[in-house]
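One structure, pasted below without further comment.
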């Protein structure tokens, strides 16, 4: 029973097949290859626009940090949730890539920024007061770190508030597929149509080996040259880029990524139901995607630990259980049995 | 006829097979997997020591920059050849990763540092003079950027000079296999036995998809925690690390990497002979590995360009032709025919 | 009536005299002068120890940031109060000088860190977990940003807690004189005897033109070379350093700085009493030093604004009134009259 | 006999008087004071334009680095002479302030960039080639590090070449007064009229305590907000800024700075004549300003050292003798006597 993380899962077989298929003959390095060219067309269809540029990156941390490095100057700040991955789990990557920008941490339940806190931070923002670091960017995460989902309308609303104060907007979509399946929004509705300037679209947790796509929409395309230079400078311009593009192509073709995200979400829903059927178990946050956060009674906690179930104690008390595209039914069945024991 | 770069080549089939084989079930993320564990044993045998730590990285630029970031402080300087990859081709990655260290550029024929220039730089080094940036590290490259090879004894000699002045030592081994095949030195002889503190062992150009190994020897192992933190911070700690380890394992098993490097060197030798058999063609530098640098008469230059031969005009006049493990005999034969035309 | 800031005040005449006196003949640059040499003896007496090194700096922001740059690595974090000057008012200087370290913000009334919050942050600190940025330093401020004072015993207690978890300690003493006068502690008791590794001793707000002293105690002396290099690199190694040293000498001789701080504190006390004598006025925080934070009824607020009294609306509602060594009795008398009007 | 450096000299008495005069009553902090306002008018007259913004800074290193930080991005490079102060004597300040930009070093006699080398570097510049760091800025120094002077026409010519390739231009004028006196050019002719975008106008070596003015001309005024933010962030926004402005005002009023520079140049000329009158003594570089670079025969070298004359052995062999506004005639007379001994 492994619910430790969706990064513990293997890649989907089609990803491996695509890598093998890409391994034919010479190809220009650094993104000049045929697979990368095909990927552009795929993304244009998926996002219903030609008004974008993109870069592929093997790392989620790097894709976020690269995105932020073109959205925020060294003398600016990024507003994000206090539990955001860019704050908690990236060892200062945003500070490193931006050259020392600050993160301004905002509270809110379920890792969603509280609207009043956002409005207050925006109201206090004063770019002309040289002593303070002004907000330049709003970074949202969807699916959030607590497994909840912002509806597209809320992303659009927050982006509108931010833009009214002159900020850029970023969406960390490490689990975007899970959020889209959960909310029913389309990729376009959740990104540029909602006012998002730069999206980091994660495919690693969804089923790739290591593949994240940074998309610059509209006016942010002007930053594409700088993004490439920063990718090069940080070691995120692999010469044999076709192998990253092949992963992306496999995942996006025929909406494989959304099918896999739907599988993961469904497993999580089943797991949540199993857990909540137990007396004393409650959800810490609604299970919108593929992550279940539960408060467990001591007895169940002990049983789970004893059985070697892999899950993660979350700061503050609840346990996090993550399902992936590859979570086997047998793990869910075993969990059912374990919980049924008395 | 594609002699543009060894990064234009595909990966060796065994690398693809290894990736597919690694794609079984769940594995701990971030290097806690079984493949990475096996790799350690393989490296210990290869380098004839247990006194090392290592990190795997998909990018050559990042592996150099990460290595340098633990070898040189922001207030120090790195001595390297003026044509070194870290100076010319990495878009300031060393400056970025170190937090603003300087590169001190030294001259020398064939991209090998001139001994007198090195001695002079070391003699002038004065860490106590606060206004100047003192040398903290010597970085050598083998195979060099001009396709020549330092013998292990020369690496050892330079490392000794550097260490006598308190410097650390780094070896950029993006094409280490080609240099080992060429010089007959063992991996140990070319690295820690020669006084190298940190080696970046490149496998991408040799036949992997994207796989470089940073090895910290002896006292530099104390920096391993910092190296990991910097890898994390720069997006070079992939969660599904098993797929990097699998590439390395495939390449190092049964010395596949050295066989592939030998193939590439052999092709380059054949190509050099073909070219030099033409009147007026001369080698700009000796062909020690898989790269041929030739000065071409106008007529041959024109013929090559007209035929669409992929090669690279090098600053200063010569053309660079790179062979890889996958250079087909047909390309060499076609080149022979092209040159034979008159 | 100018209570805007103690930096709006002129320098004490003895500071100007000292500068004029230092302006005789040639002197070695960069701290090799006679005045700087005399200053060392003065500091040794003041701090009752020889086990220190020091650097003089014209800027409070730079002296804090330089101190932090030798106390915290780019991959570490600094715990401080959420209203600390280093977080709020220095435009990201700590992030810039450290190369991207993070500030971990802790709550607490009156800009004093809450003990429970500190204990919790320390308990959660896990330097071995590579994904999170571990705390490396605790930074306290005394006098705090809200004009309150930590007693020396509390500084010692917090430093002890921090050191038990392996952290270094920093004290931002931009208004240290005011805190010493208020608490009765000696400079030694408030710094190294309390476990402070690096003190930034501010004299600018107390009566100099621009003069802050960074003191490294005990084991931190090993970082003195790095501190100097970073001072040079950031433009804080003035060639004509004697003029900084002269200011420090004037201020420290015969405890002038403490007399001036006492004057400022006394003025603030008088002002606080005047204000609190009005119905509806209350102190937001106790007036330990030279800053008064008051909540004002609308009517008094309006009267004060109409009269052009210079003071500063503080985030959250209260007004800040700052007294300096040079606050004239006439300003206090005018305030008395203004408040007496009805 | 002290010819060690013009920074060993005291400040001119009028500078001290101006500081004392500025020390009256309260003044707004951070440049909002009356003296700073007057300085703007003085600069407008001096530079014959209103199309500029300026910032005052106590440090020459910082004023150069701040200027470069708004002229060059972290992913760009700065072309300068290989002996430039920004390369040799500022401990990596440009790399620090820019966030990791590179310096591209160009050769040339007498610390003046060779035109052919400049043309070649510009011709090879390819901002679209992502792997290399493109030139973004040309930085010239006048007076140069070897005491020679670029005529205004040459500055204009080099700036034109640079701008034709899209570069910005910077002039390090740490000894600008000496260069102006030497060449007869006006401040405007040597700066914006010659195509200089940002000038750092040094007054410290000329006779101030510590006072450098960064001037942004024309289109670079758009960067003024960023310059201020970076000044704040690096500790170069002193609260009591009036004391910097007072120094500048004293120096610029009635062209005091040019008179002082003329004195220093005149002393250097006399010293050069004294030295060159000796058999075997030759100038390493022409004495355009206040610095004399001489190759000395062993015998004279020994006599000078024995007499304790303070001067500086320059890399490569010659000795550097620096005169200041305050070089006493007695030092020159003593030198005459010393040289006359036989």
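Chains: A, B, C and D, in written order; residue numbering restarts at 1 for each.
Going forward, contacts are C-beta pairs under 8 Å (C-beta built on N, C-alpha and C of every residue); 3 or more make two chains touch, one makes a residue touch a chain.
Predicted model, so just to flag it, every value in this text is computed and none were measured.
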Statement: When C-D and B-C are ranked by contacting C-beta pairs, first comes C-D
Field: Longest centre-to-centre distance from subunit A, chain (CA-based)
entry: D
- prompt: If you average the CA atoms of subunit B and of subunit D, how many Å lie between those two points?
  reply: 42
Query: Distance-wise, how many Å sit between the C-alpha centres of subunit B and subunit C, to the nearest whole number?
result: 50
Task: Mind checking the centre-to-centre distance between subunit C and subunit D? Centres are C-alpha means, answer in whole Å.
output: 34
Message: Quick check: what residues of subunit D touch more than one other chain, meaning two or more?
response: 74-75, 90-92, 96, 99-100, 130-131, 229, 232-233, 237
Task: Would you mind writing out the residues of subunit C in touch with subunit A in their complex?
output: 74-75, 77, 88-92, 95-96, 99-103, 105, 124, 130-133, 315
Field: Complex interface listing, subunit C residues touching subunit B
entry: 30, 73-75, 99-100, 130-131, 225-226, 228-230, 232-233, 237
- prompt: For the complex, which residues does subunit A have touching subunit B?
  reply: 2, 4-5, 7-11, 13, 16, 19-20, 23-29, 57-63, 65-66, 90-93, 96, 204, 209-210, 229, 232-240, 243, 326
